[in-house]
Amino acid sequence: MIGLLLLIRRDLKLAFRGGTDAAMAVVFFILAATLFPFGVGPDPEILPRIGGGVIWVVALLAAMLSLERMFSADYEDGSLEQFVLSPLPMVMVALAKIIAHWLTTGVLLLVAAPVLAVFYNLPAAAFVPLIVSMLLGTPTLSLIGAIGAALTLGARRSGVLISLLVLPLYIPVLIFGALVVDSALAGREYGALLMVLGGFLLLALAAAPWATAAALRQAIE
Amino acid sequence: MIGLLLLIRRDLKLAFRGGTDAAMAVVFFILAATLFPFGVGPDPEILPRIGGGVIWVVALLAAMLSLERMFSADYEDGSLEQFVLSPLPMVMVALAKIIAHWLTTGVLLLVAAPVLAVFYNLPAAAFVPLIVSMLLGTPTLSLIGAIGAALTLGARRSGVLISLLVLPLYIPVLIFGALVVDSALAGREYGALLMVLGGFLLLALAAAPWATAAALRQAIE
Amino acid sequence: MQGLTVKELDCVRGDRLVFAGVALAVNPGRALLLSGANGSGKSSLLRILAGLLPQAAGTLTWEGEDIADDAEAHRRRIAYIGHADPVKPGLTVCENLEFWARLYGLEPEIEPALYQFGIEALADLPARYLSAGQRRRLTLARLAVGQNSPYGPPLWLLDEPATGLDPSAVAMLANSILAHLANEGVAIIASHGGLLDEALGGHADRLDLQDAAP
Amino acid sequence: MQGLTVKELDCVRGDRLVFAGVALAVNPGRALLLSGANGSGKSSLLRILAGLLPQAAGTLTWEGEDIADDAEAHRRRIAYIGHADPVKPGLTVCENLEFWARLYGLEPEIEPALYQFGIEALADLPARYLSAGQRRRLTLARLAVGQNSPYGPPLWLLDEPATGLDPSAVAMLANSILAHLANEGVAIIASHGGLLDEALGGHADRLDLQDAAP
Amino acid sequence: MLHRFANPNRFSRLAAAVLPWVTGATIILFVVGIYFALFASPADYQQGETVRIMYVHVPAAWVAMACYTFIAVMSAVSLIWKHPLADIAARSAAPLGAGFTIIVLATGSLWGRPTWGTWWEWGDARLTSVLVLLFLYLGHIALTHAFDNPARGAKAAAVLALVGFVNIPIIKFSVEWWATLHQPASVIRLDGPTIHSSILIPLLIMGLAFTFYFVTMLLVRMRAELAARKARALRLNAAE
């Protein structure tokens, strides 16, 4: 338990001192979302209609981009082998890394999301559903992503591989996340959709740390 | 000149053997573009309307993502210092890296773009303008991106920094690129817009290799 | 049977047999110096002993028990230093050391460990500014942290620990190792000869992996 | 004035004065061995000599001419080997070496260079499988490629070149350096003592950077 | 018992003996199945002749899911008992499964055009989960080949296969859990099939044909893989 907190704290410190890229995900999130109106044209009718979806897609891309860094620095400088030899069980190592990833991407995305919602002229009714759906959805992204990041450690073309492995598994989260916002906009009930997102989260929470730990153990040869 | 070709060949070899990520950009491009319909909803009316813009935005993000890798491996393993000491002028080194980057991202994006256009139900009239605008636009992305990548070498948070430096400079390319497609769809004349894109390319071609070379020389201490 | 015993060990890397039939036995209070040409498998052997690499054949025992029986317990007795330095450029020297010490559940007495490897003056410098040798010293300082606690791991596996060290740092390292041996510890050290080998003198046996080449 | 001459050289890194007032002169056919504690500035000095790091004060001359006058010409006389190995894991040993040889405009005679450092058997292996010492040998093999051509750079700057090498590889390296010196070359080598220093024996002078500590 | 067939050499011999029989069975089943499917079964009163797509679509879907399940089981065997044949079986099966999945997607959208009026429906849970299945197959194949050390690739792919297995129940039950365009199961269900036997019988024959085709191809690919492995070992030993 102490080890878990220790590792999370180290990762946060590294992220905020800039060893890895804490702000990267948010900056990407904001910039990418800002680009769309330039590409699509600032049609006041279309923007709010696609806004919820675009925010979700970009959040997902942002979470994915930071995945490759999740373990690679520790893998390359030999820290990962030391983790394997440390008294901290690998599941805890995996969990700590996942939590740190979420704190440095998911949480920041949550904070940035309302700003973008304003930017896209989303009606106020969509704000709470957007935030709640992201609160339930982003940890799942970190959890699933960790498996992909660990599996591709030391692989050729690990960047592509991560996307290939992880994006398909992200699709359900994306669909339901965007559906929540859409339903809210259309004035429909979205409680059941949030339940589904919660279900995904529980499922990922139950499986991902173990799968990640197994993959990490194999990465070391 | 021989040195230039040599370096390009080496980078391509590395890319296709998977040391760096050639396919990464395309896979990201395709997957990201595939995600949008999931997020935005499959409204057959909206998709073609935003299609051209989405393709351009995603191409731009894809080109940007691969920037960070452009020099970092050579920087870290000491190859860059050897380039500085080699008889090949740094401008040529920069140019070779830019060409290799374009060949491994821009060209692949060009190949993938028609597929996505079909996917978004873009009318056939938009195909040629899309391809031509990307043919003129993507080299500019590689050229501008190289400056950002070189400037941020060894910086803390280089990932964020690159995005911050480069994206604003990408916006004009994006605007005119997307306008070309839009105009073609609306049946308007787009030759002048292509000229503007060509102008950007020439400007970038004249300035970027020198700026990149200067930045690279400073990165080494 | 005390200490570490290895019998009939084979190592395969990527379909290639690197060494075969390695046997060794190291008693508490002794060191073993591994030598052998580049590529003869010293690093591979150390990684097998640490449980980081599976052996192709052979058994490893610690105090008479097969280490495969309780991988968890084996992990706890090991301090492994590889070719790479697990040092984070963004953290200070002190923070780097503290992290590893705490993670290994050792009461972090950072100061004395820094002194022991002569980097106390650098304690608050971000590790990105360290020279190659200073970084190696920081990696090694981890050994000193746990050394005098009862939880300190008894088996040290060191892969060319003296790389990049100046002679005075090699002497500091040798002192650490000798103190560890005096505590009934075991040390297995890959090396290409040099000052460290001389300093360990009569406390160390030697094994040349060249003899185990297939 | 022949060879390399350095006068009153100061080095500052991140606000800290690393060394001051370094003076040295190396004639063709001679080597200079740099020693000094970890962090005393050996690597920094070599990088200054290579033009990779600006000095805080002082002048460097080659054959009587200030090297700042023609940085381009200076670059062409240098072969620099740093702490890191510029080796691409995705290319084979042979491809790696060939790339550097061609980039430096040297007629690539790869085979003999590989032989000279004893890695001819590994020629077609992707470099990712090399052991630490094998990778270092590959880095050093570049020196051998240009060695006997008239275009080979006359000034070798080697930063702890023997790191990770086994004794036979150190002997190969020493032979390369001696052949270079016999060709009227100049070599400046950072090192912490050991076999290489002994092998260069009477051909080398020594400079201890400790004496230049501020 | 398991280990008697698990020895690679014995497996090769066994496979060689079985192969002609399964090949023959595949051909016969296809001939009979296609005859029934094209000529000896009725056209649908609503969908007309397009219903015949079903005789490819549905068996391909069954085999695509069964193949993934097979890979998941083999992966568990490989991770727990570290059996080399399990790895080979998994990596030989993956491209076959990807092929069947592509067939499902292609025939499904061909069929969807006349019946639903659209090639593809983004929000549909069945279609989405099948698309995810295809990506899982592709990821599995890519991961197997992504490492210089084949053993590492096999292990990584095995972990992926186990993780991805959650998708199989989702494919199967998506039509019941969510309102979709796609029709619910009518053959494989707890209370027995609900369709008429004039359709059911040719469907089952085609199902068997696809299954035998899968087994045949699996055996062929596994034997090729084993032979390649042996050749590489010989070459490496010769290089020593």
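Residue numbering begins at 1 within each chain, and the chains themselves are lettered A, B, C, D and E in the order written.
One rule holds in what follows: a residue touches a chain if its C-beta (ideal position, glycine included) is under 8 Å from a C-beta of that chain, and two chains touch if they have at least 3 such contacts.
In this text, all values refer to a predicted model and were calculated from it rather than measured experimentally.
Asker: Work out which chains are contact partners of both chain C and chain D.
Answerer: Under the touch definition, chain C and chain D have E as mutual neighbours.
Asker: Busiest chain-chain interface by contact pairs, anyone?
Answerer: Max contact pairs: A-B.
Asker: Measuring between Cα centroids, which chain is at the maximum distance from chain E?
Answerer: When every chain centre is compared against chain E, the largest gap points to D.
Asker: Between chain A and chain D, what distance separates the C-alpha centroids? Give it in angstrom.
Answerer: The answer is 46 Å.
Asker: Nearest whole angstrom, what separates the Cα centre of chain A from the Cα centre of chain B?
Answerer: Once rounded, the distance between the two centres reads 25 Å.
Asker: So how far apart, in whole Å, are chain D and chain E when each is placed at the average of its C-alpha atoms?
Answerer: 59
Asker: Would you pick out the residues of chain B that each touch at least 2 other chains?
Answerer: Within chain B, residues 17-19, 38, 41, 156 contact more than one other chain.
Asker: In chain D, what residues contact two or more other chains?
Answerer: 83, 90, 129 - these are the residues of chain D that touch more than one other chain.
Asker: Can you list the chain E residues in contact with two or more other chains?
Answerer: 123, 128, 146, 148-149
Asker: Applying the document's contact rule, which stretches of chain B touch chain D when the two form their complex?
Answerer: Within the complex, chain B touches chain D at residues 2-3, 6-7, 10, 13-14, 17-19, 73-74, 76-79, 81-88, 220-221.
Asker: Across the complex, what residues on chain D touch chain B?
Answerer: Residues 47, 50-53, 75-76, 78, 80, 82-91, 95, 99-100, 102-105.
Asker: For chain D, which residues count as touching chain C in their complex?
Answerer: Within the complex, chain D contacts chain C at residues 13-14, 35-39, 43, 83, 129-134, 136-137, 160, 163-169, 192-195.
Asker: Can you name the residues of chain C that touch chain E in the complex?
Answerer: Interface residues on the chain C side: 14-17, 214.
Asker: Residue numbers of chain B touching chain A in their complex, please.
Answerer: 17-19, 21-24, 27-28, 31-32, 35-36, 38-41, 46, 49-50, 52-54, 56-57, 60-61, 65, 156-160, 163-164, 167, 171, 174-175, 178, 182
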